[in-house]
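Next, two complexes with subunit A in common: one pairs it with subunit B, the other with subunit C.
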Partner chain A sequence: MTEAVVETLSENDLDTLVSIAIRRAEVLEDVGSASAEEAWLEVLAYEERLAAITPAADIAGGIARAGAVHAALAAGRREDAERLARKFLSDPSLTPERRAAIERAIEEDGRRLAAHFPALAKTGRLSEVQNWRREVAKAAGVFPRAA
Partner chain B sequence: MTMETVAFYSYKGGVGRSLLVANTAQFLALCGRKVAVLDLDLEAPGLHQKLGNPQVFQRAADGSLEGAVDELLRILEGSGKDCSIRERAVEVDLPPGTTGSLTLIPAGPAPSQRYWEALEQLNTTLRSARRNGGLPEAVLELQARIADELQPEFLLVDSRTGITELGGLATSLLADRVVCLTTTAPESVEGTRVVASALRSAPRLASQRPLRVDFLITRVTASRNSSEIARLVKELGGDSVAVLPHDSAISNKERVLAGWVPGDGVAPHDDDDDDGHELFGATLSWIAESFPVHKKDAEAARQRMKAVHGAWRDLTRTSEHVRGGSRGRPAWPVEQLRERIRFGNTKKFRQADIVAYEGPADSSKVKPLMIIEYVDGEDRDAVAQWWLSEASVPVVAIFSPNDRGGNADHRLYSKKAAYDSRSHHSDRWDLPLPHDFAALNDPTDVSVDSLLDAVRRGYSEYLERIIAEWVRSSASGLHGGAPWRPKVARKIQDALASVEDVELAKRVLWAAALGPGHRRMWLGDGDEWLDQQVISELFTPLVWRLPPAASIDLLGGYRHFGPPSGQLVLGSLARKLLGLFYDPDATFRVEGQRMLERAGVDEDADEDRGLYGLTGMFRHTEITFEITDNLPPLATSRREEDHPKRGPRMALPRVVSDRLASRSLVITGLLGDYQSTSGKVVLYDEAIELCADKLSLRPRHVGSVTLIHETIHALTHLGRDLDGRMWRDFHLPAADGPLFEPSPFHEALAQYFTHRHLVELRDAALLHAFEAMSARSTSVYRAWERLRHVAAEDVRSWFMSVRRGAGAAVPVLQVLVDAMREDGA
Partner chain C sequence: MKLALHELLNVHVALRGHPIDYARSGALALARAGHSSPVRSVTEHDGRSGHAQIEWLEHDPAILGAVDEHRLTEDGAEAVALAYTHAIGRWLVKRRLRRGEYADWLLQMEGRSLALEVSGTTTNDARGRLREKMEQVAHCTLPASRMAVVVGFVQPMILAETV
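Take a look at the complex of A and B:
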């Protein structure tokens, strides 16, 4: 579903779709499907839209913000997750519970990655990779394309 | 310890990138550095083929070899965290004594089905498991693990060609330095330029230093002019730009420097074949510049490579230059040579640079004949002794750096040689070839004695070397020349003259008579003077000293061009002994012209001047030779009824016995003959053998005395004096039957000059034979004894007077009368 289409949806529609999408992504992730990340990207799209149309102080708005960060991390979009987290956390109206949830999600993912790449983590460069990714994306050079 | 990561990248393939990775890695390891090599050319891996050993090849073939693909998969899947990277690494074999190490992390068991499946799995995982991080984290994790576990000083990465994700990561994210290789092809240069530009501006991790980019222009052919290369260098820019030359041998089969097989299956064809030498030399220069700490080591490695390369070429060179061209050489077959072979046990071993085997080296039972090792900084003698005792190899060649900066020195050591305490090696200056091991008792011993021993046993291939040694020993004069060692020269001539076998004796003569180019091969600069010296002082004496059957084969051979024919020998004898000129061709030209003049024929006219008939008239002026088993004239009967029962042939032993018993032996008519009407010198084989047997002499010696005696008859007849005259009307009477009596004057002169010639030859055996025969001969044949103290010039003067028909020959005639009177004749 394109971004333009998502923007036409109402909050109720988005609530319905995001519930279905979350269920679908979880099932796909459980069975180890290659489509799971794509499914989480769909969740991310709905959650990001919900976060945009709901106040941070509302329960729904808080859940959507935390859900968006979680979905981005689940989709392997750590850079997006960090970007969203920075954005949501900068809003003073975000409730402490949701703020903690977002921070916990980012930290847990960091710990998970550090466990996954222990040698790299030991060098202290793991955290540099995300910045590097951003730089590469901005540079848009022909080489390398990895980022 | 800080690990420096150097990535080798090329926009296009086929530039020699993997070979350079392997060479650089080996070189740094040989210099004592800890080196790891990572093959990230996952789509076309091959480093394990260059650096691995047969066990690695086998593991790659059966799919059990693990590598970078497996490791990246484990990292991405989060499995096998407890597995050590060492389990997937291959320790590359290095020469014993190397303090450095080289660890290879291959891509995997390529090319095998399991490898392609693993690679596909890796790609799938990368597409689906982004949550666990991507390829950047994975390759950085791999790099960090290598640094953690292996702790190398250098990590060399062979990265993928073109614009690929992994290639980009290897160069811009992993590397501290990138070496970009390109050929001079426009598409390669352009691609490299674009990539290099991207690399220079590529983002780096915050903790990384700026990326250094070096360039190497490879496979540069000689046809590329320097301005074109300079333009490329300018275009590429970078921290450094170097050039490596093209080498077809390397293109066909890439070889690793430290594991270099100088001619593995490719024998050099000629001296112009560089066989990788230039490329490897340039590679080492590049390494020296790129890793300045090891500049000295690179130079030492270059020297080593040059020495081993030179040795390989020497061993396999199948042709050699001689004046006017080249000729074949009995080189080592390439299949009998191997390089980098380790001997000994796991605790005590050495590695030979080249091993020469007795047969094709692919057989396990084949024995090594010669070890060649380049030794730098060790006691050469001690190393050689280790090989001789521990490896049971008959010959060891130790190469070592030349203190004066020239080519490497080498010393030969042999098990059979008893070296003196001062010098523990052989004097031989070249490497033994296969036939040396068959022919020489000690292949490192090329002394004259050793070579002569081989020649006597039938190995005529050493004749040229012996003759070259003769030249080196005697070719000297007022203005210098070779070292003058007359005793050695004499020893060589005596040894060659002692050859008994007729066929071998013929080869001796041909070797001594061969063109100057063959002598130049040994001496470097032959000239006319040298040629003449060999002909007159070695070849000519040998003609008279070797068995007549061999000499006659050469004396009778007539040729206008090519090696010196018998005419040179005969001309030399006539000139030096008799003061006459013997040159039948010149005789024909001078006398023939006179005849044409007398006949009033225009000598230069184109029409038929009857030249064929004219040459026929001069045939007899050319001396020919024959050994026959016919009966000699003195043993033939004109009337068959004289010997009705026994037949004439049965009379020969009696004739010889009677003559010897009655001291009336004669040479002309019994042992030999000169037929003046045909110019033919004949030796009667059977009579010579009978005579030799009765006198306890060797038939060859009796034959040689007879040959010289009769040849002198021929020369006194056909030799021309200063006035150009021959002895047309004063020749020998024809020997035509049992009543034949040799001419006293002719025979006395022939004996005198024969004796004189034998004295000059300094051949004791021939002189003994001559004297033994003379003692049983008629007074005329012994008259030389009375003349021996007369000056040769006087005798010659009498002889010339008689030739002219003048009466000045009284003194010599008086000697003959006195001799015959004393004899009671």
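Take a look at the complex of A and C:
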């Protein structure tokens, strides 16, 4: 679904779509599917839109903001997650509980990455994982195409 | 109290369009345990005992051979729990929550919110499971009431606890 289409959807439509997308992403994650990251990208699109149309102080808005940050992390887009977190945390109407949820998501992802790449974590080089992920995301495929 | 699983989409309109047919999952999970509609279920909510009559439309049992047993139990439990929470408090589905929120669903009713954690079991460990789920939903920090519901399918049973 394109961004333009997502922007036309109502909060109720987005609630339904994000519910379906979360369920799919979690099932794919459970079975270790390579498609899980893509599924989280879909969650990210809906959560971001929900965050844009709901007040930060509302329960729905708070869930969407923390959900968007988590989805970006789960999709391997840590830079996007950090950008979103900065944006959401700069809103004074965001509740302390939701601030903590966003910060917790970032910290947990950091711990998860450190557990996966202990040598890089030990030498303070975890950002290299992000650089690599960014390069891979830009490429059409993991392996270079011939001609 | 009557819990009509086949009415689930009429009650929770937010479930319309879901690829998972929760009502069918509930029906199949109960049929798999040897029950026919309607079945009488024991209920226990915050220590108060009662009963509910669960009704559903029959589905081809051949489907059971093609579904993941664990998922059927969980989806079936969600169907029963969502019917139950509407029956007791008119709660309606707002959206699913991701695991990090420590609850499965956000329900709403007249401006109030409920974080609902659901589990199903096909063994006799419903009470133990309820304790686990209460601990889990207790971690939910959303500004909402919190409830854990466990659905037992062997001896139909709905255990609910407000946390």
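Basically, the second predicted complex is superposed on the first by the 126 of 147 C-alpha atoms of A that agree within 3 Å, B and C clash if a C-alpha of one lies under 4 Å from a C-alpha of the other, contacts with A are read in each partner's own complex, and residues count from 1 in each chain.
As a working rule, a contact is a pair of C-beta atoms (placed from the backbone, for glycine too) under 8 Å apart; a residue touches a chain by one contact, two chains touch by 3 or more.
Computed from a predicted model, the values in this text were never measured in an experiment.
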| item | value |
| --- | --- |
| Subunit B versus subunit C as contact partner of A:A52, first or second or both or neither | neither |
| Contacts of A:I22 with subunit B and subunit C, given as first, second, both or neither | second |
| Partner touching more residues of subunit A, whether subunit B or subunit C | B |
| Partner chain(s) touched by A:L120 [first = subunit B, second = subunit C, both, neither] | first |
| Partner chain in contact with A:V136 - subunit B first, subunit C second, else both or neither | first |
| Subunit B versus subunit C as contact partner of A:E97, first or second or both or neither | second |
| Touching partner for A:N12 - first (subunit B), second (subunit C), both, neither | second |
| First (subunit B), second (subunit C), both or neither touched by A:H70 | second |
| Interfacial residue positions of subunit C with respect to subunit A in the complex | 14-20, 93-101, 106, 113, 141-144 |
| Touch list for subunit B against partner subunit A, complex | 75, 78, 81, 124, 127-138, 140-141, 144-145, 147-148, 163-169, 171-173, 194-195, 198-199, 201-207 |
| Subunit A to subunit B touching residues, read off their complex | 33-34, 36-37, 73-77, 113, 115-120, 122-126, 128-129, 131-133, 135-136, 139, 141-147 |
| In the complex with subunit C, residue positions of subunit A that touch it | 12, 15-16, 18-20, 22-23, 26, 43, 59-60, 62-63, 66-67, 70-71, 95, 97, 100-101, 104-105, 108 |
